[in-house]
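Take this structure first; my questions come after.
Chains: A, B, C and D, in written order; residue numbering restarts at 1 for each.
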Amino acid sequence: MNVAIIGASGYTGLELIKILINHPKFNITYIANSTGNENVQDLHPCLAGVIDVEVSKADASEVAKVADLAFLALPHKTSMFFAKELLDLGVKVVDLSADYRLELETYEKHYCPHEDKEHIKDSVYGLPEYYKNDLKDAKLVANPGCYPTASLLALLPFVDYIQEDSQIFIDAKSGVSGAGKKLSEVAHFVNLNENHHAYNPFKHRHMPEIEEKVKKVKNKEFQINFVPHLLPITRGMLVSVFATLKEEIDVEKVLEDAYKDSEFVRVRKTPVDLKSTAGTNFCDIFVSRNGKALFINSSIDNLLRGASSQAVVNANIMCGYEEGEGIPKIAYVP
Amino acid sequence: MNVAIIGASGYTGLELIKILINHPKFNITYIANSTGNENVQDLHPCLAGVIDVEVSKADASEVAKVADLAFLALPHKTSMFFAKELLDLGVKVVDLSADYRLELETYEKHYCPHEDKEHIKDSVYGLPEYYKNDLKDAKLVANPGCYPTASLLALLPFVDYIQEDSQIFIDAKSGVSGAGKKLSEVAHFVNLNENHHAYNPFKHRHMPEIEEKVKKVKNKEFQINFVPHLLPITRGMLVSVFATLKEEIDVEKVLEDAYKDSEFVRVRKTPVDLKSTAGTNFCDIFVSRNGKALFINSSIDNLLRGASSQAVVNANIMCGYEEGEGIPKIAYVP
Amino acid sequence: MNVAIIGASGYTGLELIKILINHPKFNITYIANSTGNENVQDLHPCLAGVIDVEVSKADASEVAKVADLAFLALPHKTSMFFAKELLDLGVKVVDLSADYRLELETYEKHYCPHEDKEHIKDSVYGLPEYYKNDLKDAKLVANPGCYPTASLLALLPFVDYIQEDSQIFIDAKSGVSGAGKKLSEVAHFVNLNENHHAYNPFKHRHMPEIEEKVKKVKNKEFQINFVPHLLPITRGMLVSVFATLKEEIDVEKVLEDAYKDSEFVRVRKTPVDLKSTAGTNFCDIFVSRNGKALFINSSIDNLLRGASSQAVVNANIMCGYEEGEGIPKIAYVP
Amino acid sequence: MNVAIIGASGYTGLELIKILINHPKFNITYIANSTGNENVQDLHPCLAGVIDVEVSKADASEVAKVADLAFLALPHKTSMFFAKELLDLGVKVVDLSADYRLELETYEKHYCPHEDKEHIKDSVYGLPEYYKNDLKDAKLVANPGCYPTASLLALLPFVDYIQEDSQIFIDAKSGVSGAGKKLSEVAHFVNLNENHHAYNPFKHRHMPEIEEKVKKVKNKEFQINFVPHLLPITRGMLVSVFATLKEEIDVEKVLEDAYKDSEFVRVRKTPVDLKSTAGTNFCDIFVSRNGKALFINSSIDNLLRGASSQAVVNANIMCGYEEGEGIPKIAYVP
């Protein structure tokens, strides 16, 4: 199937290119960014000797001529305009931005007014382990945020066992590639190197995303208290979920049962690390209990499982291919 | 005052030497390790051109001849034998090991049988902000663990406001110098670089130390659920304490009131980072609230405030000097 | 074709597994290390969910039953015993150790007495750009050292233009994965992090390897003055070659002509970096001139082009496959 | 003596503040940057609890009222205007920019037209080991560049022994703090982390500075071929000088003789590293020989010996104090 990548300049755009080049079913026919007129090797020198194509200035009608599915690796708000046009032209969309991840009301509260109220209500949340059936028929998939991916995969199996009036705390740590390619104080080498710190505690926009999906999938309302941190590394994400159980259950069994059929979730017997998932679509999860105190610990590659490879898994399911077709299981970094 | 450093080979021994060389009141008269017969510059090449003395094979009676106070930077269990001898010879002791930190019963449960039951009951826990009066007359000070230092300074001001039946979670992250100079899989560069992971969740021996001190200082019993992590950096420690408040209090005010007279605790308006405390004895603390959910966030240098500089602060107080005499407030790394 | 990997525990063994799993022509039938009796996932946890086989205790006659070609990722000296046995049993060998890289005399001078004098004289040096014809019929290929690979690819095109009586200097920098998986002072995180230093200046055993190959390929004798350094990173190798030209030639043209038909050498217009070659088999080269002073600058992934992926290229050529069959051109790290 | 720091916002300005706060003879009376109206703790949060003063908008006549000596940590070209004004008002100047380092002609060729032709000819080059006598009476000291400091201290002892028609090559590596506080592609964390590369080979403006000083100090003309690199670390600088000797001399003895009376140069028996000099004013040097091939290897902290602490050493000498007064010999980072 012919596919387009819109938003090729950033880190997730590059990862999409790298995965799709070797994909046995998808064929890249269109690569675009906001300016065009540049060889993809000038954008990403690591692609010299690998792929030699011109990057176009993004244009939905051109996409519709050459592709059946488009990956949008665009900033929030820019994405919804493209998605709308593409969907109206009959092109399937996997959107890596936040634009279609939330209920309209939640979105407008935390982001901005939405310009595509028609499609947002039909979008499918692209967390394959929990939305596989819906994904099969989807025209528009909203690829989850990186933090929600790692947090929900850890938390969802345990939601039914958590004390109803208790607080859930998530202490999450990400490599700085999640902050993107744009220069920033936070990503200035001298500022981050040998350093580590939280940012936006209780105020990150992935917090309502996690809360909403817990409610939708499990029909339970919890206050999620989310504190993200930056690690002095390029990629990888480690999430610690802390909660209070109703009773002292066998947490390992709960976790194993939840993912016994999942190709891309690995239940681990020891605390997870970033190395084992870096460069892959795997989510590794470990769980431990201290009386009723619960600790669930997950690890993903923030740019792959947290963005680009999960997007291709979603596309695989939308197109009726095997979930794992062309998806990296061994390292694919940097 | 003449002082001895026993255990000069490790990281905390080196930091003690670096601080005491420039201290206006203390004069190093004896440096020892387990082998002796080596110039201190061969142990620590960075000391060439700075200090040129022979390292002795540790011997308590020799210490007693030349020093009034000894810093012990020794492994747990080795330390209690030296401390006992030195105290019996009239030498004051600041012990950086765990040997005198806990009640006898707690110690023997989590470490090993204790060989100095006489002195353990008189030791003072060297967290200056909470034990200053006791420190003034102490003969034996047990320098706190690095994690307990950062955790207790964050947690103690809030203990009275936390829901009594609720869980307290501590997600702590340390640079790998805390694991010491000995070669280990965990500290092998390839294993840790670009990596991050928890270790010993709910099982680290600093967990009972925190629980015990919360009880002793605040007379409240809480289950502390402690999960330490390794950061791919040399030094620094970031602690996140998560708890549930009884009611929605003004947490900033509680924190400011607690430390308004503390020379070495800085209350911050934004999440703390490691850079600002690295190389100093400062503990930086930030607090935030989401309804009743509480997040307290502290940062220290694990080898200084978490070990060597706090030891020298304790010695200052024991000897009637100013708390901050000779203590690094600006970077002192590596 | 069925292949065996002997020496699966180390870093190059792991890279071989990762490449060969996805190789369209080679089929792994045997994986061994010195102990055996272990699942490959216990050796390398990143392989969970990817490959699930028992690692054997290495045994040449077992190899001969199931494989036509063996990759040896063994220490120097151990390797020659296996190679000899395998060759006598009719199994082709790609040896990643130093055992067959040098003339017998050079080898015995810099390493140790050689136990397989029969095969060493027929081994082919596996630097594909310069030995492709010999590789086609080879039974035994000696995979080059990592430093010689990067140094020779940079230097060889210019040898004829360098002043005959002048010194050639090579300042080379490697990530620490080159030092292997074994714990060592040099690879202790605290020692290497935020650090950088030379080691074995003028005494590294890759120095005579470079000298010998310059002489064999170009029939010119030069004193090569080689100084390797360790970088505080996991992988990647940057080589600077400095030499004095006979006259002020067009060095860019010389370089471009040398590699215009090479699939895995990319001539760059700006100084090369490690990111662009990390995870691939590419060697990037840049050249610059200041009057008669010459600077040639090459970059490779020390574990791939410097070891495992180059080994698979050599195997491809030995077996009549395309040189680039199954070889990583986009990142394949860690 | 009262001193001013002009240019307090950058990394070298911060290091000056940190050194001068604890200096026993100098008293900071004025701190300025280009905007003023800000507490120094807002510029540098690590200074909270250490120093609490307002930063002024830089004004030479205000400086003259409160200080006898000013440190200028300003960009090239800005510096000469301030220096001129200050000198005319009778204030001594230590200038950390390039504005007074070179002969007028060399400066204008490599930088820009000079606006203070009067003082440039009387400035003293602040490399204390080679200019101590001139520094004693200096009104204006040009603090050397970081690369020239490390390169000249390594090279100068050997200049008389190098073959006269031969090329000298310098392969230099710096931590990225040398590139300053301003955001840049090169210092974006994702770009530099796990990376390493040369920049401006044969074109860096420190190259003519080294050439000129070799000629001035030793009266020998050599072509210096200088290639700088960026290391994925915050601070530290390692320099490799490669040259061809006239004959096979005892290079260790030459080096030891050159620096036997130098407080801040340490001759090492093994290759130098960055850890040992980080945070200090030391320059460590190692030398090795391979026949006539010479390798000299030096290490400094680029922000201290390469800038701020060397500036204070120069000020000490200008003011008749001991060279090492208040100068860090043990770590002072970050």
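In this section, contacts are C-beta pairs under 8 Å (C-beta built on N, C-alpha and C of every residue); 3 or more make two chains touch, one makes a residue touch a chain.
The shown structure was predicted, so the numbers you read here are calculated from the model rather than taken from an experiment.
Visitor: Please identify which of A-B, A-D or B-D repeats the interface of A-C; the criterion is that more than half of the contact pairs agree.
Guide: Among A-B, A-D or B-D, the interface that shares over half of its contact pairs with A-C is B-D.
Visitor: Centre to centre, using CA atoms, which chain is the farthest one from chain B?
Guide: Of all the other chains, the one whose centre lies farthest from chain B is C.
Visitor: Does B-C or C-D have more contacting C-beta pairs?
Guide: Answer by contact count: C-D.
Visitor: Just curious, how far off is chain D from chain B if you go by their C-alpha centres, in Å?
Guide: Roughly 37 Å separates the two chain centres.
Visitor: Could you grab the centroid distance between chain B and chain C? Build each centroid from C-alpha atoms only and quote it in angstrom.
Guide: 47
Visitor: What whole-Å value do you get for the distance between chain C and chain D if each is reduced to the mean of its CA atoms?
Guide: Result: the chain centres lie 40 Å from each other.
Visitor: List, in ascending order, every residue of chain B touching at least 2 other chains.
Guide: In chain B, residues 194, 232-234, 275, 278, 334 touch at least two other chains, as defined above.
Visitor: Touching residues of chain B toward chain A in the complex: what are they?
Guide: Of all residues in chain B, those touching chain A are 166-167, 169, 171, 173, 175, 191, 194-199, 201-202, 223, 225, 227, 229, 231-236, 238, 240, 242, 244, 271-275, 278, 286, 288-293, 295, 297, 299.
Visitor: Spell out the part of chain A that touches chain D in their complex, as residue ranges.
Guide: Interface residues on the chain A side: 11, 176-177, 181, 183-185, 187-190, 192-194, 232-234, 334.
Visitor: Considering only the defined contacts, which chain B positions touch chain D in the complex?
Guide: Result: residues 18, 21-22, 45-50, 194, 263-264, 266, 268, 275-276, 278-280, 282, 329-334 of chain B touch chain D.
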